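Residue numbering begins at 1 within each chain, and the chains themselves are lettered A, B, C and D in the order written.
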Amino acid sequence: MDSTGIHAALRGHFDTAVGELAPGPFEASIEVDASAIEAVCTFLRDEKGLEFDNLSNLSGADYPELERIQAVYSLFSYKQRHSITLRVNADRTAPVIPTVEAVWPAANWLEREIFDLLGVEFSGHCDLRRILLPEDWVGYPLRKDYEEQPDYHGISTVRENLLTMKRD
Amino acid sequence: MSVELEIHDSQGLPTEEMTLNMGPQHPSTHGVLRFIVKADGEVMRRAIPDIGYLHRSIEKIAEKVGWHGFMPYTDRVDYVAAMACNQGWAMAAEQLAGIEVPRRGEYCRVIAAELSRICSHLLGVGAMGMDMGAITPFTHALRERDMIMDLLEELCGARLTFNYMRIGGVAWDLPHDFVEKVSHYLDHLEPVIEEFNQLLGYNRIYVKRFADVATVDADMAIAWGLVGPNLRGSGVDFDVRRDLPYSVYEDFDFDVPLGSGEMGSIGDCWDRYIVRMREMVESIRILRQALAGIPEGPVIAKVARNFKPPVGDVHVKIEAPRGEQSWYVSSDGSEYPHRVHIRTGSFTAMGIIDRLSRGLMIADLVAVIASMDIVAPEVDR
Amino acid sequence: MSLINSAPEMVLTSTVDQVLNWTRKSSLWYMLFGLACCAIEMMHTGGPRADLDRFGMVPRATPRVSDLMIIAGTLTLKMALRTKVLYEQMPDPKYVVSMGSCSNCGGLFQYAYSVCDGVDKVIPVDVYVPGCPPRPEALTEGLIMLQKKIMQEKWITRSSDTPRLGGPIGERT
Amino acid sequence: MQAFLDTLLGDAVGLERQLGYLAGMVVFGAVVVFGFVLPFAGIVTWAERRIWARIQSRVGPNRVGPFGFLQWLADGVKNILKEDIIPTVADRPLFRFAPYVVMVGFIAAFVCIPFSGDLIIADLNIGILYVTAVTSVVVVGILMAGWSSNNRWSLLGGIRAATQIISYEIPASLAIFPAVLLSGTLSMQGIIGEQGAAPWQWHMFHSPFTLLGFGLFFTAALAEGNRTPFDLPEAESELVAGFATEYSGMRSTLFFMAEWGNLYVIGALVTTLYLGGWQVPQFTYNPVLMNLAQMGVFLGKSLACVFFMIWLRATLPRVRVDQLMALCWKYMVPLAMLSVFGTATLMVALPNGSHTLRMATFAVVVGVVIRFAFKVRFHLKRSRALDYSSLSTGASQGLSS
């Protein structure tokens, strides 16, 4: 099924929770309300003819000027061989998106990664801990306004400019 | 995350759960992975992966170094098969900007990527043998890899981190005699793969260790997002090169090997092993066709030095040796990417290990990690 | 151990020193400490073509029996603390070779937020091998340099340098 | 040994004679331990590294001494002089004591291991029983090491070793029986004395049952010596270094030595029981020459076994712990029973043995070996046909030569 068909099916079922279809260079994307994402995903997975059985990518991007963090769900169906991209916007100050872990178990780690690096809280996630960075890390590095801590457990993260450093 | 402390064996006697810390520096964790193993004697109750010991913030660096400048970093995303990552990044940037790569350039890419794939699979299966205690296959794999590295070195001057591809094509044309050398090497490699199967793959002990261990059925593999050889080992007939063709893979005739449960059940560790072995054979086929059919012409399209793709984002999927790599690249129209996210095969494969490990023996955990062919930087990036 | 660096320098004591150095140099067991890209080149150095076994260097899984730690690859902050523990677990005399730009100075990743730029911030280093990643030949040369360094050490005879066990060799000039 | 000492002692009697025996045995024992056992354990590590390297298409140690022969010396001296770390959480007395227990178990076996017709420290009349008994002491040491290290990997390694060695004692002991039955004695020299110099006179080829017994004994001995494919206690890729994980310096060297020295014990036992021991045709009546020839033959056969074990280690993967147990209890113990009862029945049916049966068994084994050799030769030829260095003719030619 092509993206317009998928969009029509979603519109028919969810009405205004699903935004307009935005054409993209590779695949079309649909904006979805944060509150509806789990229902939309369940629908996309279970509905006959759609059958998105695979969450192939879950990315997030920080847009400080728009005051939002966007999660991008890239879905793929091995049965139907079609794909669609969903976008969910969250408020930048306290980003919360419901988890889709129950829909695709693969989302477990992908959501943890977004939480770790961008600080999006996935409500309902069973094990929302930092995954890549240590537990005691401060800040969310992939946010545009992230500032590095001067040291980590006594190891300085400040680096001298090696070119101007004098030999002693 | 709560695991009960006291457990009871079949006679109802209380036994104590043992927590083992495997890694981050453990001989079989392929780099720096860590598992917290909750074991009851030799039987694992869980193996909880702890990753991030090689998190090098590649995705953040992309936002600082610009479109062209990020290419060397993609080598380090998966250093065992750097060409595939090169290609993923180049394709993402090209699709954002709508650049058409010259056909010779695409052929060069395919040749480089397939050589890299053989290289990567060799290390993968060699490491599978080593983790099972057979060291000889590993050194033999290194011997073969050295020869491929010689070839790739002639192509781009580096043994491991190639930085060969550019946005719009490849950096250099094939060197003198390269086609002959590669075909000579492929002649040499084909019987070696057969020998590998005899030495390792069909070795009775090896089969016993790998067959029927950590079986992943097709539905589970798809739902957990397994990709590439791991997915095909579970019998799902999907290969990005064939089903969502990119580059010039449409020109080539090749099969997609699938796990068939030859030694046990579909989707066990042995299937994941044999899929890799057969993929090498298919790569040889692709290489032969590519070497025979390489057209003349330029290898790189004209791309501005000050490359600024229009605003937008793309998802690009390529078939890397460790499975489909999904690149999410977002551009805000400046000379720096706004966001790069790489969903790699090892990352999802790592995610499923917690689930698979329940009830296996500690020795099997090693087999599972090896058969998934997990490479640490791809997990952590 | 009062024997260390206490005897006067004569033919006998220097010969003993020479013999001890020779045994150490000829049997440098390195710990499998592959961190990143360089780990692959380290394996290749131990593999058929470069073959570190020629020099009596064999990989060891546990720090307790290894003499040499080849830091092969990027050291992240998360790993840096572990590295220190592993280094402390090695028995003396121990040596460290920093392999590749990342562990020398952070290399390609010095501006990353999660990378410890330079392993010498955490543990002392004897030999730095440049390259990204260094070729097996480069690593072999680095190890031969380490062997030369070991041959200059003094164990029994009095030495004007700081005693070997008093401070890590990397801090000597 | 006693006969040899008799010639030396001449006409001394009573206490003097006994003291003479004692002195002779102690001296010979010391010569064996310090002049043969300990260096041998080291030299085997060198040999193993060279052989492995060849199998893995590498070179192996070649920088210290001719062909790197002094490698073992460098390793040994270096290890002995290394810092000896005892973890603070370890059980100190046990931790210190464990390596010595392992060493005792391994060295004590040499009391009964013959070198030639006369050279044996003490030809006990319960020889083979004594060897099986003292080699089991190793388990205690390993378990002590695993427990006292206070490291979970060590503990797992120790427990694996204990289960494995104790379980495999049973098929190993059962597989000794056929040879003992045929010889009618437990004495090592007695067992060898019952065999002949020609291969078909060995116990191994007495009947298909003893052939089976030979195979079982060899396999079980591999498992008892923690060798691949049964090297689970120190499985590097699983348990880091198993029971020896926390040991450093000299103590770890003792473990290494016991392990590699055990190779020779296994080889010597196999040679004694099934491969005809030191038997050579009587070519001279000079006792020195004769003894030297016997020693050469015995060492040759034992070292062939050692080589075979090294070869196996370089080739095979290792089994899993449950498969190991299943192999022992489900297959090897019943087969060992079959071997014992088969041999016994045969001895009753044919008290003098059957020459035809011997020759038939011998022919079968020779046939298998020849077939295998052809297969290996085929692979060797094919691997040589593809020239490694001619492949990359370009920039990297200097490398591949």
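Keep this in mind: a contact is a pair of C-beta atoms (placed from the backbone, for glycine too) under 8 Å apart; a residue touches a chain by one contact, two chains touch by 3 or more.
Note that this is a predicted model, so its numbers are computed, not measured.
Participant: Please name the chain that ends up farthest from chain A once chain centres are defined by their CA atoms averaged.
Facilitator: The most remote chain is D.
Participant: When the mean CA coordinate of each chain is compared with the mean CA coordinate of the whole protein, which chain is closest?
Facilitator: B
Participant: From the mean C-alpha coordinate of chain A to that of chain D, what's the distance rounded to whole Å?
Facilitator: 60
Participant: Can you compute the centre-to-centre distance for chain A and chain B, using the mean CA position of each chain? Integer Å is fine.
Facilitator: Each chain's C-alpha centroid was found; their separation is 23 Å.
Participant: Just how far, in Å, is the C-alpha centre of chain D from the one of chain C?
Facilitator: Chain centroid spacing, chain C to chain D, equals 36 Å.
Participant: Can you work out the whole-Å distance between the CA centroids of chain A and chain C?
Facilitator: 43
Participant: What positions in chain B touch 2 or more of the other chains?
Facilitator: Residues 26-27, 52, 55, 57, 60, 139-140, 143, 146.
Participant: What positions in chain C touch 2 or more of the other chains?
Facilitator: Each of 47-49, 61, 78, 111, 113-114 in chain C touches at least two other chains.
Participant: Listing for chain D: what residues touch at least two other chains?
Facilitator: Answer for chain D, listing residues that touch two or more other chains: 56-58, 236, 240, 399-400.
Participant: Just spell out which pairs of chains touch, all of them.
Facilitator: Pairwise, the chains that meet the contact rule are A-B, A-C, B-C, B-D, C-D.
Participant: Which residues of chain B touch chain D once you look at their complex with the stated criterion?
Facilitator: Residues 18-20, 26-28, 42, 129-136, 139-140, 143, 146-147, 150-151, 153-154, 175-177, 181, 184-185, 188, 191, 195, 199-200, 203, 205-206, 208-209, 361-364, 366 of chain B touch chain D in their complex.
Participant: Which residues of chain C touch chain D in their complex?
Facilitator: Residues 19-20, 22-24, 26-27, 47-49, 51, 53-56, 58, 60-62, 64-65, 67, 89, 91-93, 137.
Participant: Show me the residue ranges of chain B that touch chain A in the complex, using the header's touch definition.
Facilitator: Interface residues on the chain B side: 1, 51-52, 55, 57, 59-60, 95-96, 98, 219, 222-225, 236, 238, 243, 312-317, 324, 326, 328, 330, 338-339, 341, 343, 347-348, 350-352, 355, 380-381.
Participant: Please give the residue numbers of chain D that touch chain C in the complex, ascending.
Facilitator: Chain D reaches chain C through residues 49, 53, 56-64, 68, 70-71, 73-75, 77-79, 81-85, 236, 240-241, 244-249, 252, 399-400.
Participant: Hey, which residues of chain C end up touching chain A in the complex?
Facilitator: 77-78, 80-81, 105-106, 110-111, 113-114, 116-117, 121-122
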